[in-house]
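Shared between the two complexes below is chain A, which has chain B as its partner in the first and chain C in the second.
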Partner chain A sequence: MLSLMILIPLACLLLISFLPLKGKRVAFAVVMALAFFQIYAVFSPSIMANRHLPGLASVFNFTLAVDSLSRIMLLCIGIVIFIALLAAGPFVKEEDKRFYFSGLMILELMGLNGVVMVRDIFSMYVFWEVAAAASFVLIALEKKRDPLEGAFKYLIFSSVATVFVLSAIAIILLISGSTSFTDIRVALLVTPHSNLIILAVGVFLAGLFMKAGVMPFHGYLPDAYASAPAPVSILLAGVVTKTLGVYTAMRIVIDIFGFSTALKSILLCIGLISAIFGALAAMGQKDLKRLLAYSSISQVGYIFLGFGCGTPLGIAAAIFHIFNHTVFKSLLFVNAAAVEDRLGTLDMGRMSGLASRMPITGTTSVLASLSLSGVPPLAGFWSKLFIILALWQSGLYGVAVTAVLTSLLTLAYMLLLQRRVFFGTPEKNMAGVVEAGFNLTLPAVILAILIAGVGLFFPYVVHTVIFPVVSF
Partner chain B sequence: MGTQALNMDIVILFLMALAALWTVMTRSLLRSAIGLALTSAMLTILMFRLHAPLAAVFELSVCSGLISVVFIATISVTQPMSQEKVLQHMRDRLERFWYLPILLVLIGIVLSFVSFKFNLSVPLPEIEKDPRVVLWNQRPLDLLGQIIMLLTGVFGIIILFREAKQK
Partner chain C sequence: MSAQALTLFWPFCLFIVVLFVIGFYCLLVTFNLIRALIGLELLIKAVTLLLVLVGYVTAHEALVQSLVITLIVMEVVIIAVAAGIALGLHRHNKNLDTRQLRNLKG
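Moving on, here comes the complex of A and B:
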């Protein structure tokens, strides 16, 4: 039944592609229904049980699998696609553009679902490329100078990452004779070619770090996030880089390579650099979306810090932070979209006192900022606390203290953002500004409820959703 | 591998790089698609020479054949840029990338003096030779993934290059 997570979107894509123009108008609704189906499927034991399709449909019984980690990622993908679609209304107005946007969202959905569910390193690469290609076209959707430049940078970095990952896959195939996760893991345990394995791990991780956009592999990320249309920024920041970079790195380390001391050191080092310098770079930004992009780099650093501990608590904390980051960063990009929709600019120097004009956007933005900065009792506080506890438990006291100090830096730049954009007295040119439409306030409210809900009910969420992930 | 065979491989590699360069530098989208097919054809020859006939057949049929046909068909729904725009593009490219061929040649010269000694003597894994078994029994998911990738390419071309015809 897991095949349905790819086959149903594919069937929908073909269906809407062959519909006449009137039918194409329903494309948005179709993608939204697909996102709903995905969220439902994550909680449906019958679909997640991976029963084989009966009768003629048995030709579509692919080798797919899900565990708790995959389910969390599938949930994140469903939520972000739904939110991005809701927010797309004011930004993708022409009818045919709406159709192509919907088609690309379905392709992105299939690519990401494939990456999350496959258990074969080459199949993972194939779906990885599908998602990357769809992202590239989505960034360039508006065909203006900045989006094209952002898309081009994304394409170049993606190609380099592809070369790294494909080279690593070739080395692994040479050593193990297979591309299946299980076979590779068994083969790597007995192979005498330890130097080749180190080379493969290094090259593979370099490719994944590029996709995750961690420092110093982040060159494309601020341009891609800032220049993409608002709904695409939500998609990229919320789920694309997390799935293609962070999740894939987690999957191959957990299922194939395992944690070694050197690997942990690399992950911790990259995580620390990214967390600190991402936050420092965010401090100096004037463009709202660029600030959020650098903030993403910093938060992905936190995820790698937790994961780099290699302990069950660290891995659980990293996964919890992926979910939280998906929610609060999507919300902040929805807020940025609302501001862009009303003011037509993202230059923070030309904004002030927007909270009084846009109360829903202002309030939800404060909530997301506090969650991102790790203020209790919001969701972001708990995942950051777990990351710091995991670091402390692993004896990495210096790193833990640095992570706390970086969190203060995060609070500082998020408060600066709030002060420049939402607080203070509105300037004269803000006189006519009113709250954003339903398309942008509804997703903001949904995400804000999620942030507060996960924070308040965190013992339940952690014990039923997060900790089962590390029960391997 | 004999020196003559190695030299032949280097020549094919050079031609492949040349075709790839033409693909990204040419001003016409159609020529770009043909360049892609040529690059792929060179890669096919290399794969045959490296005793990977199955990979070569797939490269030739899918990348050089099917993808080129789909791309050219899709490009045919677009219209070329105006002559003025084409010239402007050429000037821009020359200004921005004039140093790339020089850099490429320099790197080639430097690398030809460096001798790399990797000990990669790993026995080749046993791989199924029958393409039907590979496609339908072993890698059906990859086949599906490639179909989706192809659809993404088609969507990309239509979105990025269609506006000219509408105007």
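Moving on, here comes the complex of A and C:
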């Protein structure tokens, strides 16, 4: 039944494309329903059970599988698509644009679901490209100058990353002669060509790092995030780069290559560079969304730090942090969208004291900032704590201490943002500003409840959701 | 690996490496959007050739054939989107110079 997660979006996409013009108004509702279905499906054992489709539909049996890791990603995808759609209201206004937007969202949903569920290296590439192509068009949908520029940069980087990954796939094919994960894993264990394997791992990871936008390969990421329309920024920062880069790296390393000492040190090194320099670069930003983009780079660094430990605790912490990052970064981008909607600008120099004008946006953004900087008892604190504990447990004391200190940098730039945008007394040019509309405050409130809820009920969440991931 | 496959292997490898180098060189030095796309195409062609070579050497021609056809389709999609974006940029800037793409920085 897992193929339903790909087939239903595809069917919906075809269906809404053939509707007459009036019927295209339902496109938004269709995507919303799909997002709900996704969230429902993650918790429904009958859909998650890998039974084959009956009857004629059995033509569509791919090699799909889910484990707890995939389920968390599927949940993140569902939540973010839902939030991005809610927030899209004030930004995608024209009728036909709404239709294209919904279609692309469905495509994105399908691509990401595919990447998360396939267990075949080449199908993974195909879904990768589906999701990537959809996000290029989504960024450039408005055909304005800056989004086109951001989309072009993203496209070039992403395609070069694809070339790297495909070369790695070719090398793996040379060694193992198969594309399914299990076959490759078996073949890699017995092969005498260890140099080729090292080459394949190196090239593969270089591609994935580019996709994830970690620090030495991050050139396109702030441009793409900052220039994209607000709902697309939410989508990109929340799941797209996380699924295409970080999740795929985890999947490949856990399922195929396995941890070696060299691999761990590469991951830790990249993670550390990304965490520190992402935070430092975020300090100097004037544009609200650019600051959030650099902060995203920094948090991906944290995820790689946890993952690079290679211990079950480290992997669990990394996954927990992916989920938390999805929630709080989406919330911050929703807040940025609310501010952009009311002020028409993202320049932080022209904002002041917005918290008194926009109480819901102000309050939720404080919650998200505190969660991001790791202040107890919010969700972000626990995942960061786990990452640092995992580093300490692996004997990497220096890295653990640096991670704690970087967390202070995170707090510093988030407070900088809060002070410039939300705190203080509003200046005269803020007089006419009122709270953003219902479709920007509702997602903010939902995500804020998630942050607080996961933080307060974290023992339950950790034992039922996060730790089962590493019980393989 | 048969003897005949081996004799073909190294010339092919050399050609693929040359294509990769040309593609990366093209991407790095050009200031033209369309030329950047041509560089990208060269890179993808090199990878396609690499896959074909791998299929030939390991005698998995059928598998690799299906992979390469899929790859060509995906490549066309990406290049079509890229060409559309380049066209949009041309409408705004009236030229294809990448040095004009300096609006976003920081």
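Methods note: the second predicted complex is superposed on the first by the 472 of 472 C-alpha atoms of A that agree within 3 Å, B and C clash if a C-alpha of one lies under 4 Å from a C-alpha of the other, contacts with A are read in each partner's own complex, and residues count from 1 in each chain.
Just so we're on the same page, contacts are C-beta pairs under 8 Å (C-beta built on N, C-alpha and C of every residue); 3 or more make two chains touch, one makes a residue touch a chain.
This structure is a prediction, so every number in the text was calculated from the model and none was measured.
When the two complexes are overlaid on their common chain A, residue A:143 makes contact with chain B and with chain C alike.
Shared-chain residue A:163: touches chain C; no touch with chain B. In the superposition on chain A, A:177 makes contact with both chain B and chain C.
Of the two partner chains, chain B and chain C are each touched by A:129.
When the two structures are aligned on the shared chain, A:290 is found in touch with chain C, with no touch to chain B. When the shared chain is aligned, chain B comes close enough to touch A:114, but chain C does not. By the touch criterion defined above, A:347 lies against neither chain B nor chain C after alignment on the C-alpha atoms of chain A.
Applying the stated contact rule after C-alpha superposition, one finds that A:6 touches chain B and leaves chain C untouched. Note: residues 122, 126, 129, 133, 136-137, 140, 143, 173-174, 177 of chain A belong to the chain B contact set and to the chain C contact set alike, using the contact criterion stated above.
Note for the complex: chain C touches chain A at residues 27, 33, 36, 40, 43-44, 46-47, 50-51, 54-55, 57-58, 60, 63-64, 67, 70-71, 74, 77-78, 81-82, 84-86, 88-89, 92-93, 101, 103-104, 106. Residues 122, 125-126, 129, 132-133, 136-137, 140, 143-146, 148-153, 155-156, 159-160, 162-163, 166-167, 169-171, 173-174, 177, 179, 222-223, 226-227, 284-287, 290 of chain A touch chain C in their complex.
Those residues of chain B whose C-beta lies close enough to touch chain A in the complex are 120, 122, 124-126, 139-142, 144-146, 148-149, 151-153, 155-156, 158-160, 163. Every residue of chain A that touches chain B in the complex is listed here, in rising order: 6, 10, 13, 59, 62-64, 100, 103-104, 107, 110-111, 114, 118, 120, 122-123, 126-127, 129-130, 133-134, 136-137, 140-141, 143, 173-178, 193, 196.
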